[in-house]
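Input: structures, listed below.
Both complexes below contain chain A, partnered by chain B and then by chain C.
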Partner chain A sequence: MTKSAPGVRIDGLTVVYKTPAGELPAVRDVRLTLEPGTITGIVGESGSGKSTLALSLLNAVQPPGRISAGSVEIDGLGDVVGLRNEQLRKARGKHIGYVFQAAQNSLNPLKTVGKQLLDLGRSHGVNDLPGLVREARELLGRMGLDGARVLDSHQHELSGGMRQRVGIMLALVLNAHLVVLDEPTTALDMITQANILKIVREVHAERGLTTLVITHDIGVVAEVADRLAVMYGGRLVEQGPTREVLGAPRHPYTKGLIKAIPRLVGDIDEAQALPGRPPTLATVPAEGCVFRERCPLRMDVCDTVDPEARVDAGAGGPRAVACHAVTVKEHA
Partner chain B sequence: MTVIARRLAGHLARGIVMILVVATISFFIVRSIPGDPVAANVQKLIEQGMAPEAAEQATRVLYGFQPTGSLWQQYTDYMAGLLTFDLGQSVTHAGAPVTQVLGEAAKWTVLPVLAGTLLSFLVGIILGVYAAIKRTGKLGDILAISGSLLHGVPQYVLGLLLSAIFATLIPILPADGPVDILFEPGFNAGYIGSLVEHAVLPVVTYALAAYGGWILAMKSSVVTVLGDDFILAAELRGMKRSIIFRYIARNAILPLFTILALSLGLLLGGAVFIERIFNYPGLGLLLLDSITMRDYALMGGAFLLITAAIIVANIIADLFYSVIDPRVRSGEEVGA
Partner chain C sequence: MITGTGIVKTFKQRGKVLGAREVQALRGVDFAIPKGGAASFIGESGCGKTTLGRIIAGLETYDAGDVVIGDVPMSPLKPKQRQPHFRKIQLIHQDPYSALNPTRTVHQTLHAPLSLRAGQTGRSRAWMEERAAEVLSLVGLDPGSVLSRYPHQLSGGMRQRVVIARALTVDPEMLVADEAVSMIDVSLRLGILALLKDLRERLGVSVLFITHDVATARYIGDDGELYVIYRGQVVERGPVDTIIADPVHPYTQSLLSAIPVLHGLERPGEQPVEPLESLDESQADEGCLFARRCPFRGERCEGERPLLQLTGGVPQEHACFFPERRSVIARPMSEV
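Here is the complex of A and B:
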């Protein structure tokens, strides 16, 4: 196996959900590039469309949702939006590994992990099943688990942290080099969370992966991601190298998010919650900036014109911000 | 395995206690029903001109026992007999042992009920899966509507309808008893063929009456499982459809086994309409007769048999669960 980390280019991606009020966009006109071998983090509040975006990478948006426009080009696979049936099924698991939220039960409760591993192998035409089991045991051992015992266990016999590592194993065991982790540490305690993040980082480097981490926790992104994209109301409002975005946020939403994080040292009151609520599918404005209702820098133009993402070639990689106020300030 | 053995032992102990309790309750309830067949027989003989002494003597010979003990003595006798599976004699069957009378009747109930229930279970769950998967399409609608309709029609209406259509209007199937009396009972083609032919209508009636419940229960169970995370997870891992289908079916069918076990236990006593319509001398009719004739021993025996059947069905269901559901299997180990 000499697969290398694939690059991913998401362009103009729009995902709509069918509702009684018509088809409403959950993800709108998203443009995002995952460079080969990098870890990209997507942060956003609940309902910002980040999970929908993650599912789009596997062309797995669940009805009543559908990808209505745009493309997701993955090296070695082409545009997954155009993949159908068997092609799509084979791409999932084998090329793209998906790790579920830790709190979710992503295993069949009636079968041992090992039996589900064999089901996975058979689904993807793996001839060397003993080899697959060996690989799985090694991966689990690599993540600090007793592989043989875990493969012999049912889901209910595993803790949350163990399940999450099983999820990572199942995403990697077929040698997928693009891995999507959807809220990988939600509902885990701090120590398990730190462990899982360490594993993600190490496995990513060892196996040469391209990784996408979806989370609502900026701390998680700061911990693992090379690049960071901030999502709000289905739009990517800011993206760039993690250190630059966190160190010098430019979009008012990103600034608000960072201000809202309580510090370990200092007064709890220093953390300021962002006023207002994030929009839901039904309240996302059809035109203008999605953030304007909560924005301290709101201008007249924000009500009518959706700000385009302006890309700068920064020192650590390209940065993009979609905000009229930022644009005006820089070009004044 | 030891967990299963321990479960079995616990269930059996509880089951036996429950059977004894039910036997006690049914003994006293049955005897508090007004009417006394022995006294009635003595009275009848006296009216026919027999001397009271001789009438009592004749009745004693007929039934083979003396109805002279106190209620408490009768109870202890009854319970002692129970330990050796002696349920007493049936007064309406000329003193034949109750166990024998029940056994005769049971074969006309158990086989058709078992066949009908298993048939409806199989058809119902398979169609239930389709009704769930195609629930937004026409096929799903048709299946769900057929389920609701049949579920709403009482068993005896279905029985009368089938009997009227297939035995009277278009007389292609018999509805006049369990077997043709022309044939010699035994393992010969004629007898068995006749048995099967006669069983078609009652079995189909049982099956149709139960089918609606199965299809609706399975449909909702499958819909629940379809929404489970692990099904989406399996899809996102690129699992084959056939494998995902098996995951769904196995998880969805679990809760239905309890209903299956309960319905098998209950149907032993609840088949009275169908037995009457198709002239099957089964347990339902026997129980009905025993009540009208005040045949205490037979009544108590029939109640006991139904109770035992439900308890045994529950034990089997529970053991079955611990075999097919790993969460149940290890539940006691974790809890201990």
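Here is the complex of A and C:
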């Protein structure tokens, strides 16, 4: 068992959902590496497949969905796609901590946080329960909360920001070194968000974690992530070091997304909404580029051929972009 | 013109377990939103901005002060008499998923308020159909393809447009948009903001925008007023661009400092302000409400409450004894 930050290699991952129209891919042929000790941010709109991808790390895609191809190799665990039942249950929590979307609502309203912590410990066969409580109090204290008070509280006695911190504590308390945070700051106001992001950064560094943050908000990724991956219609369309991607985006979707962020300074008319709307499972084109309907650079080839991700070794780490127009322009 | 003077609202909690306690949601708030104008309320969760929005839309009572719609004060009126006045103010909720009845098509959703109006004014069925198509076109939807659909067949952005269309069926004077874009996909948010701005310009509808995301407040019009609300008190007020560029109240500065910086595109402000502790509504009410969290508090702040006023040689009103400009917001790299 490794107790240092694990690396994760996702390769050729495809997740399909069974619908009346047949099995449709929510995530298609995704290749992504999480280097040990880094924070990676995945940005995408609703229906982009980002949450499905994150659940695949736990092999926790619920029916009618299933992982139909590819592998998710995690150091110290192997390929989680091949894990079953008991092995899987033990891996979750112990190796991989998951802070669920809307963690504010993922606590049991009938039990105190402390009781839920003990349940978690028992289900993972922890013998030293007082030690677990000590660890939890320390973590909560680290995040600026009164540990004893929080453990004695029911969820309704805690504010949104406090519940989010409880979610992070529960994900880390079994000493997991791979942590997935799904929309960690949605529904929190700006000051609380800034606070949580600071905690995520600090805890990540102090405990030596590999962290994956899933969000629709580029600002969140810009604040915490070393690397940024952009998803659209189930495909990974661009990835690279956060600063490089934000400073010089290459995929037309990334460009559009950055342009659509309301800014505090500068010409108001510079920010513009992307025309069209994101595809749903049913409207994602079966062949060709998933973004072409909204793309200003659309060419004939985009209708039929799905662009391959082209990888460049950059100064700050590899960059990849999957776009015919970008490839053509750079080769011309 | 819709104005409010000295609006006070106290929520009383009766509890056997935690004991009774009172929360002062609003502590004497004044506002004025001119016809066709725009205003934004910003602040943390729990600052009272949503309560104020609901009072303005007639959905919540208030304990003192008055709301004046046109030139009619609401307090002396009986609840039934207020109704036609408050109908001029329509609330757009945060969540377009729960704001629409899932068992009704868009056609049915728009028909309910339209038939009420048709009944009152003796208009025909044909007028209703025409008007339904008209409001949908106004919000940028194609009536032909949308009218027969159910909410689950529409995207979040389209749903929010339907909600706005429904509000427009009663010819409102003002739309109150409470976090109206926070649940909309990022690439579509600006479209909804642009729509609100467009409705202001074309129909002369005033817009009251309630949000915790200051940047979006800029997009409903640069002539808009920004109200920064903290624990039920307006602590800074003035033109949107002035307050964003040159905030003087430490609370406003904390809000602006907390906005994520797009590293790679932007450089963070040089003097970010971080509150000393997090919001606690049960904190003592004496003195400045922000004093406990304020890194710049002085002795005077603990004993005396600063009131909103124009002093200190700055163009905006503020409630701070020690107003000072600080460079808190991120600026584009290209500018430096």
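Methods note: the second predicted complex is superposed on the first by the 326 of 332 C-alpha atoms of A that agree within 3 Å, B and C clash if a C-alpha of one lies under 4 Å from a C-alpha of the other, contacts with A are read in each partner's own complex, and residues count from 1 in each chain.
Everything below uses one rule, namely that a contact is a pair of C-beta atoms (placed from the backbone, for glycine too) under 8 Å apart; a residue touches a chain by one contact, two chains touch by 3 or more.
Please read these numbers as outputs of a predicted model, since none were measured by experiment.
*Asks:* Considering only touches as defined above, state whether A:89 meets chain B (first), chain C (second), both or neither.
*Replies:* Touch partner of A:89: chain B, not chain C.
*Asks:* According to the stated criteria, A:203 is in contact with first (chain B), second (chain C), both, or neither; which is it?
*Replies:* Neither partner.
*Asks:* May I ask you to decide whether A:236 touches chain B, chain C, both, or neither, giving the answer as first, second, both or neither?
*Replies:* Touch partners of A:236: none, neither chain B nor chain C.
*Asks:* Could you say whether A:223 touches chain B, chain C, both of them, or neither, answering first, second, both or neither?
*Replies:* Second partner only.
*Asks:* Is A:213 touching anything from chain B or chain C once the two structures are fitted on A? First, second, both or neither.
*Replies:* In the superposition, A:213 contacts neither chain B nor chain C.
*Asks:* Scan A:124 for contacts with chain B and chain C and give back first, second, both or neither.
*Replies:* first
*Asks:* In the overlay, work out which of chain B or chain C sits against more residues of chain A.
*Replies:* Of chain B and chain C, more residues of chain A lie in contact with C.
*Asks:* Should A:260 be classified as contacting the first partner (chain B), the second (chain C), both, or neither?
*Replies:* second
*Asks:* A:26 contacts which: chain B (first), chain C (second), both, neither?
*Replies:* A:26 contacts neither chain B nor chain C.
*Asks:* Hey, which residues of chain A end up touching chain B in the complex?
*Replies:* Of all residues in chain A, those touching chain B are 58, 60, 62, 89-94, 98, 100, 104-112, 119-120, 122-124, 154, 156-157, 167, 170-171.
*Asks:* Spell out the residues on chain C that touch chain A in their complex, using ranges where they run on.
*Replies:* 43-45, 155-158, 185-191, 193-194, 212-216, 218-219, 222, 244-245, 254-265, 274-275, 278-279, 329-333, 335
*Asks:* Show which residues of chain A lie in contact with chain C when the two form their complex.
*Replies:* The touching residues are 45-46, 144, 160-161, 188-195, 197, 216-220, 222-223, 242-247, 256-258, 260-266, 268, 271-274, 277-278, 280.
*Asks:* Can you list the chain B residues touching chain A in their complex?
*Replies:* Touching chain A: residues 228-230, 232-241, 243, 247, 250-251, 254, 324-327, 330 of chain B.
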